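A, B, C, D, E and F label the chains in the order they appear, each numbered from 1.
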Amino acid sequence: MLDSLDKYLDEYVVGDRFVTRSRTVTETDLVIFAGLSGDYNPLHTDAVFAESTQFGQRIAHGTLVLALVTGPTMALSGSGKQNLALAGIDGIRFLKPVFIGDTIHVEGEIVGIIPKDENRGLLTRREDIINQRGEKVATYTKTAFVRRKKAE
Amino acid sequence: MLDSLDKYLDEYVVGDRFVTRSRTVTETDLVIFAGLSGDYNPLHTDAVFAESTQFGQRIAHGTLVLALVTGPTMALSGSGKQNLALAGIDGIRFLKPVFIGDTIHVEGEIVGIIPKDENRGLLTRREDIINQRGEKVATYTKTAFVRRKKAE
Amino acid sequence: MLDSLDKYLDEYVVGDRFVTRSRTVTETDLVIFAGLSGDYNPLHTDAVFAESTQFGQRIAHGTLVLALVTGPTMALSGSGKQNLALAGIDGIRFLKPVFIGDTIHVEGEIVGIIPKDENRGLLTRREDIINQRGEKVATYTKTAFVRRKKAE
Amino acid sequence: MLDSLDKYLDEYVVGDRFVTRSRTVTETDLVIFAGLSGDYNPLHTDAVFAESTQFGQRIAHGTLVLALVTGPTMALSGSGKQNLALAGIDGIRFLKPVFIGDTIHVEGEIVGIIPKDENRGLLTRREDIINQRGEKVATYTKTAFVRRKKAE
Amino acid sequence: MLDSLDKYLDEYVVGDRFVTRSRTVTETDLVIFAGLSGDYNPLHTDAVFAESTQFGQRIAHGTLVLALVTGPTMALSGSGKQNLALAGIDGIRFLKPVFIGDTIHVEGEIVGIIPKDENRGLLTRREDIINQRGEKVATYTKTAFVRRKKAE
Amino acid sequence: MLDSLDKYLDEYVVGDRFVTRSRTVTETDLVIFAGLSGDYNPLHTDAVFAESTQFGQRIAHGTLVLALVTGPTMALSGSGKQNLALAGIDGIRFLKPVFIGDTIHVEGEIVGIIPKDENRGLLTRREDIINQRGEKVATYTKTAFVRRKKAE
């Protein structure tokens, strides 16, 4: 089990796994995210309408759920200075709704390591977002440029 | 050119295109998003460090860029009540950095329409995020459950 | 019933009516507005004091209530580019308290159309703010400069 | 010159005047207010578009300007417990645009004192919002229920 | 009992006491402070973890508690222009947890007055933070530079 | 040099030192903190007034500066679960003003380790806040309850 995501590219091995700490999703998160994104879809902001839907209550925006777990993931990244930039995200699937009061964390696995040149390469992680009932609420793979260990 | 994204699934045609209004990315957006997500990577929050990188300055978080254009897209969605829930996002690529002060909008196209049952189906849109210099800074496809027109 | 508030001045008719989507008022809205405005009156921020008043609980700031319905109204305004600037607001009356958890929307009517020159004129809308129990909680008239259709 | 707005109704005299402290309007205020209100009109949030308007730059939302001066006014209100509730606002006129970086304050005058019963009455204040160049940017009258001094 | 903290240094007497208004601590305050400070300790942000601790629920950050009472204290400071700058804080002790929903205020006493030169001096206040059950949750002494009355 | 502050009490040695990552102080931080704390002292919120002071510009609130460095410190604390609760802060001195745009970090040292019982004890750290010019802007000692390694 990886205890840090602040490693040089060459220090990872495909199959390495990690688990982040958890975070509770609050009504405040929905309100701030609606404001930041301008996504005021009534599913997220109108409690009366949300009650009439298949979900029975307001649900968190999909993009908010992705955002909320970057913090717990970053908490494994220490200084974060080996992580150069996000390159892409693939195959995001929102599998179950996330409600106000749910507590979510990430369980991840290294699935790709591609050196690009002497200085950096691409690291791909599959990440599942899991709630307090052990249900997988979303899944995706995230690819980032990561620094390589300088040869001496 | 579509003037609304608040249609029933059956009213879209593959190849329909749309352009959203624009939004300026502010330092405030970076600060609020760092707080909301807990992603305090120094690329986004440490101006001295950011100056020493290939970008020369702080850049917006990738997930923030995705979030910031949902508002302009929602502005085309009126009541938003035909859009039932986000199903997934695929092939997100961050092609160029987004800096504080950049002004971005979305240019999109309907690329998939798949009825699931009498009541709803999946609508897939390819969306490019474009900055004020006409550069494509990110691209992805977004799939959502959309209500079908009830037969009478 | 108007389905858009993104028209040229000349496209409105006195008596046209519109209804916006709804929005739930959250504790977060009160906290953010207290911070933004600096209005920390204990009616809005001290639950113990508020319990001792005629209202029995914290109430939303009057100006917050006005602010919270501009989003639902803007959702009818699409690009918003026909609306040049707010000129004034008259006769605001706060008729009933708005509590945390209430869900409000606007029911409005065009009550004045005054061309000023070839390019723009004043549009006046009477707007009532209605809660989930159908009670009118506030009323006012809002006048804005709106673009005129260019003659060709 | 009044040094406090935390008085009982009977302690005010028509013609009493007051001046509040000042506050600088920041880009952050515009961003937070756009999020809170959902009013993403491009005049307030799209720097490129705003440059093409008569104003030449983004301007503060009218309702934001009203909100931003309640704090400086409240700073004169001490505990605020004599002010029971806002009853209405009349004749709001937005006379000049407020830009990011402007510093505004209120100059006000008591213009109406109407006892309603033994316990409370209506206090009306005319308030002008003034910027750092001494220009009046907005004006309105605000009426609030204020506690009366209990007879002993 | 002091009714204002906007006095010149020479107008205070050691032993003068003051009581501020109260403020309810909300979940929103914890979320915004976690974001602002980047302190996402699970005691403050993970409801499931917090339930397993000695506290049984999430608690407010110590520094947040200090921040939340500066507003009620400032409400006694009017224009605030006699208070030149904070010099230091000593002996901060967090005596009891502060929970979401608690309502807190400050009871303070002037404990030190040290003129430094003709223009300013140091004012030291002992402040206790008290909750709605009358329990002292924190205590500290705060020292600030305060303007002296100019001799005429 | 400590590379983590997520240790059991018994793993620290007096004299251990640590350096956190840095963070740029933004205007947004001042605005959000003014709102959260209600501390609208013109030194922090009125650019015109601030220009007339000894500082020549707005300065960050002292308590904000303390808050802003908890994130970088927490980034060294991983899961944070060994840190049970903050007990107190002593000898806070604000030595130099912190301006908008400054970039600050913490340089710290373990100065006290006091076991209280089998399960926990008090860890005291002296922390200096340093800006991008290498100047010490604040200093204090912080004492927290930390978990002890369970004997086996």
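Here is the rule we use: a contact is a pair of C-beta atoms (placed from the backbone, for glycine too) under 8 Å apart; a residue touches a chain by one contact, two chains touch by 3 or more.
Keep in mind that what you see is a predicted model, and the values were worked out from it rather than measured.
Trainee: Considering D-F alongside C-F, which chain pair is linked by more C-beta pairs in contact?
Mentor: D-F
Trainee: Based on the averaged CA atom positions, which chain is farthest from chain A?
Mentor: Result for the farthest chain: D.
Trainee: Between chain C and chain D, what is the gap in Å from one C-alpha centre to the other?
Mentor: Measuring from centre to centre gives 17 Å for this pair.
Trainee: Roughly how far is chain B from chain C, going centre to centre by Cα mean, in whole Å?
Mentor: One centre to the other, that is 27 Å.
Trainee: CA centre of chain B versus CA centre of chain F: separation in Å?
Mentor: 37
Trainee: What are the residue numbers in chain F that touch two or more other chains?
Mentor: 21, 23, 27-29, 31-32, 36, 38, 40, 42, 49, 71-72, 74-75, 79-81
Trainee: Using the touch definition up top, name the residues of chain F that touch chain B in the complex.
Mentor: 21-24, 26-29, 31-32, 71-72, 75, 101, 103, 132
Trainee: Quick one: which bits of chain B touch chain F in the complex? Just the residue numbers, please.
Mentor: Its residues touching chain F are 27-28, 31-32, 40, 42, 45-49, 58.
Trainee: Which part of chain A faces chain B closely enough to touch in the complex?
Mentor: 23, 29, 32-33, 36-43, 49, 53-54, 59, 61-64, 66-68, 70-72, 74-75, 77, 79-81, 83-94, 97, 140
Trainee: Under the stated contact criterion, what part of chain F meets chain C in this complex?
Mentor: So the residues of chain F touching chain C come out as 32, 34-36, 38, 40.
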